[in-house]
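For reference, the structure is listed below as structure tokens.
Chain naming follows the written order as A, B and C, and within any one chain the residues start at number 1.
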Amino acid sequence: MSEAAAPAEPALIAFRGIEVAFGGKPILTGIDLDMHKGEFLCVVGPSGCGKTTLLRLAAGLLPPSAGRVLYEGHDIVGPQRDVAVVFQDYSDALLPWRTASGNVSLVYETLGTPRDERADRIASVLARVGLAEHADKYPSQLSGGMQQRLQIARCLAQEPKVWLMDEPFGALDAITRQSLQDEILRIVADTGTTVFFVTHDLEEAIYLGHRVIAMKPHPGRIAATYPVDLPHPRDQRTTPEQPEFMHLRRVLLEFIRGTQT
Amino acid sequence: MTPKRLLLLLLSVGVAAFIVGIWQLASNLHWVSPIFLPPPDRAWAALLFDIERGDLASRVLLTLEHMFYGWLLASLGGILIGSAVGISSTARAYLAPTLEFFRPLPASALFPVLIAFFGLTENMVLVVIGFGALWPTLLATINGFATVKPRLHEVARLMRLSRRQFILSIALPNAMPEILAGMRLSLTIALILSVTGEILSGSPGLGYWIMLQARAFRAPDLFAGVLLFGLIGYASVQIVSLLESWLLRWRA
Amino acid sequence: MRLRAIDWRGAVLPVGVLATAEIAARLTDYQSSSLPRPSEIVAAAATALLDGSMLHATAQTLLSALGGLAIGASLGLIFGTLMGLFVIFNRLMEVTVESLRPIPSVALIPIALLIFGLGYAMEITLIAKTSFWPVLLLTIAAVRGVKPRLLEVARLLRMGLIARVFKIVIPAALPGIFVGFRIAVGAALVVAVTVEIAANPLGLGYAMMRAQESLRPDLVFAYLFWVGLVGWLINAALLWFQRRIFGTVAFRARP
């Protein structure tokens, strides 16, 4: 590993020769992947290809069986507060007994933020995801889209450098999904964070990502990498009509079909 | 409330009144001896008289005190021990079998043991209530800790919650519905054990009082006392239920 | 590790406490009128078991419990089925049921004494009253929980009420009813011992009180563990039976 040959900006998160096996069964094999600062990386692949496992490695929720996962050059040994995870099952990831602001408050409580600062910061985070008026509602009183917004707000409160998102919009209807996609793009543009985005929706991956990683199952491995050469900011009406979008969509679709035969 | 529901409720009151009426008639016509089954009007008169005399009210208060402190002791103990056992699988492995053995043990069986230690005292009664009413809350707490969703465990790890923060912010609130249900059950047990304890220890509470009425064959006063016990049981469970629905308002 | 049927760690606490108590008592030559040595408890239990007094008391308690259960559970089953089948009946009895239910059984001891005097009759009556409620409430819930489809089948087959109850409703509601019965059994044992301790000169509870009064702490503890063992065995047997008969379906009904 020659440091001189590395690009000017070292990888923010790097997977090096990753192997993961559960009970002798290989789940991931030979994963080498660099994520750079400010990059929006989307991971697609059929179910069972280990894309969620890859995300859990980066989150520090799971150690690799072999190989190293590096964050800013250091081995990841456990979860860190500047890496935020957005789960698909928002209703299970929120605390049902706390209001929207209470759920965000949890972050400030664990960070030891002084009590008198919390209220303002909670309000500003909730406002950023459009939940200002729902601060006193419990998750059970919020729609699915609003609950997912709340989970995003809770992650925002962590002021993360990296977002790890595990099919965050998979359980939402199409309209809500589109508006949340744009919101994530806006948040990422505002904060300059790095995103690792797992999805099974190819169009979503192309629409959001700078780069799309396609994975194959049995055992999970990276099959191909596609840079997405589409202008920013992206637009729900015009971006999908661009030739590059349609081309990538077709390539990825063929790839997925190929893994299923 | 729909009109139909209201009508049924009124009819249901009517049924209860009808039963009381039959009882009154049965006593008046001497179908049963009023020594055993006093007519409701005489029981009611006895109740009013005994309360006005001032004695009964203070006895009720004393019984409520026994029940409340015993229940409080049991609830605090149950939540504390339950948290300790619930948070650590090691603690669970060491303690759970012993707890499982004690659980079906009739709490009243502890009276003879504890009388030897404390004598026929208030403390003895309190300890028995605390022990007997402990189990529903204790087991509910352990169970509530064990049923924290895996996703929330992950959220806690990702936020790097300390063990204390995990208990206070996630495990206990998660266990809250079961703990409250357990506390409701344990309130009923506390009342039962208060009565037993008072009968045994001759404490001046309501339990011993009704025993005295029975020995003196004062059936109307006896029934009045039992009626009060029904009221205490009903009211206390209602209060805890109200508290429960307020604390659990986050549930859909 | 979790697959092993017996985890030795569970034995550490009870064995440790008993061993410490025994050793400490022997080393310090401690004699107490309230805290016996574990070896004395074992000896007292062995004597009481061998001379038949413990088994006699157990038989008395279990006989009362069984008698009370038979009456209380049958009434609970009958009323529960009726109130579950006919919502209107349930609604009409609402106020009566809700005003009787909160009266604690032990508060009825004086009334039972007044009517029946000491002996089996008053104990059995109180146990019947106690075991009536869980069976009633869980039977109502279980009967109302019978799948409407099954009742439609009964109607399509033009079954009469009796046939419907015995061939469809009760079998379908049986798992829930059994949970109520199991709770009732536990409560019956508790009330039996309590009544015996508080008033009735019968059974295990009375044997404990007598041992206490004659300053035999070893015998009191022997009875305590024996009562615990009997309760635990009955509960374990019913649980085993429930799993055996109704499979591993989780019964989540609350008392």
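We adopt the following convention: a residue touches a chain if its C-beta (ideal position, glycine included) is under 8 Å from a C-beta of that chain, and two chains touch if they have at least 3 such contacts.
Keep in mind the model is a prediction, meaning the values are calculated, not measured.
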Inset, instruction - Tell me which chain's centre, taken as the mean of its C-alpha atoms, is farthest from chain A. - result: C
Inset, instruction - When you average C-alpha coordinates per chain, which one falls nearest the overall C-alpha average? Tell me, please. - result: B
Inset, instruction - Please give the pair of chains with the highest number of C-beta contact pairs. - result: B-C
Legend entry - Centre distance in Å when chain A and chain B are each reduced to the mean of their C-alpha atoms: 50
Legend entry - Separation of mean Cα positions, chain C and chain B [Å, integer]: 18
Inset, instruction - Measure off the straight-line distance from the CA centroid of chain A to the CA centroid of chain C, and report it in whole Å. - result: 55
Legend entry - Contact footprint of chain A on chain B as seen in their complex: 149, 151-152, 154-155, 157-162, 165, 169-170, 173-174, 176, 248-252
Inset, instruction - Spell out the residues on chain B that touch chain C in their complex, using ranges where they run on. - result: 8-9, 11-13, 15-16, 19, 35-36, 90, 93-98, 100-102, 104-113, 115-117, 181, 185, 188, 191-192, 195-196, 199-200, 207, 210-211, 213-214, 217, 219, 222-223, 225-226, 229-234, 237
Legend entry - Interfacial residue positions of chain A with respect to chain B in the complex: 59, 61, 78-81, 83-85, 87, 89, 92-93, 95-99, 106-107, 109-110, 138-141, 158
Legend entry - Footprint of chain B on chain C - complex, ascending: 7, 9-14, 33-35, 88, 91-96, 98-100, 102-111, 113-115, 186, 189-190, 193-194, 197-199, 204-205, 208-209, 211-212, 217, 220-221, 223-224, 227-228, 231-232, 234-235, 254-255
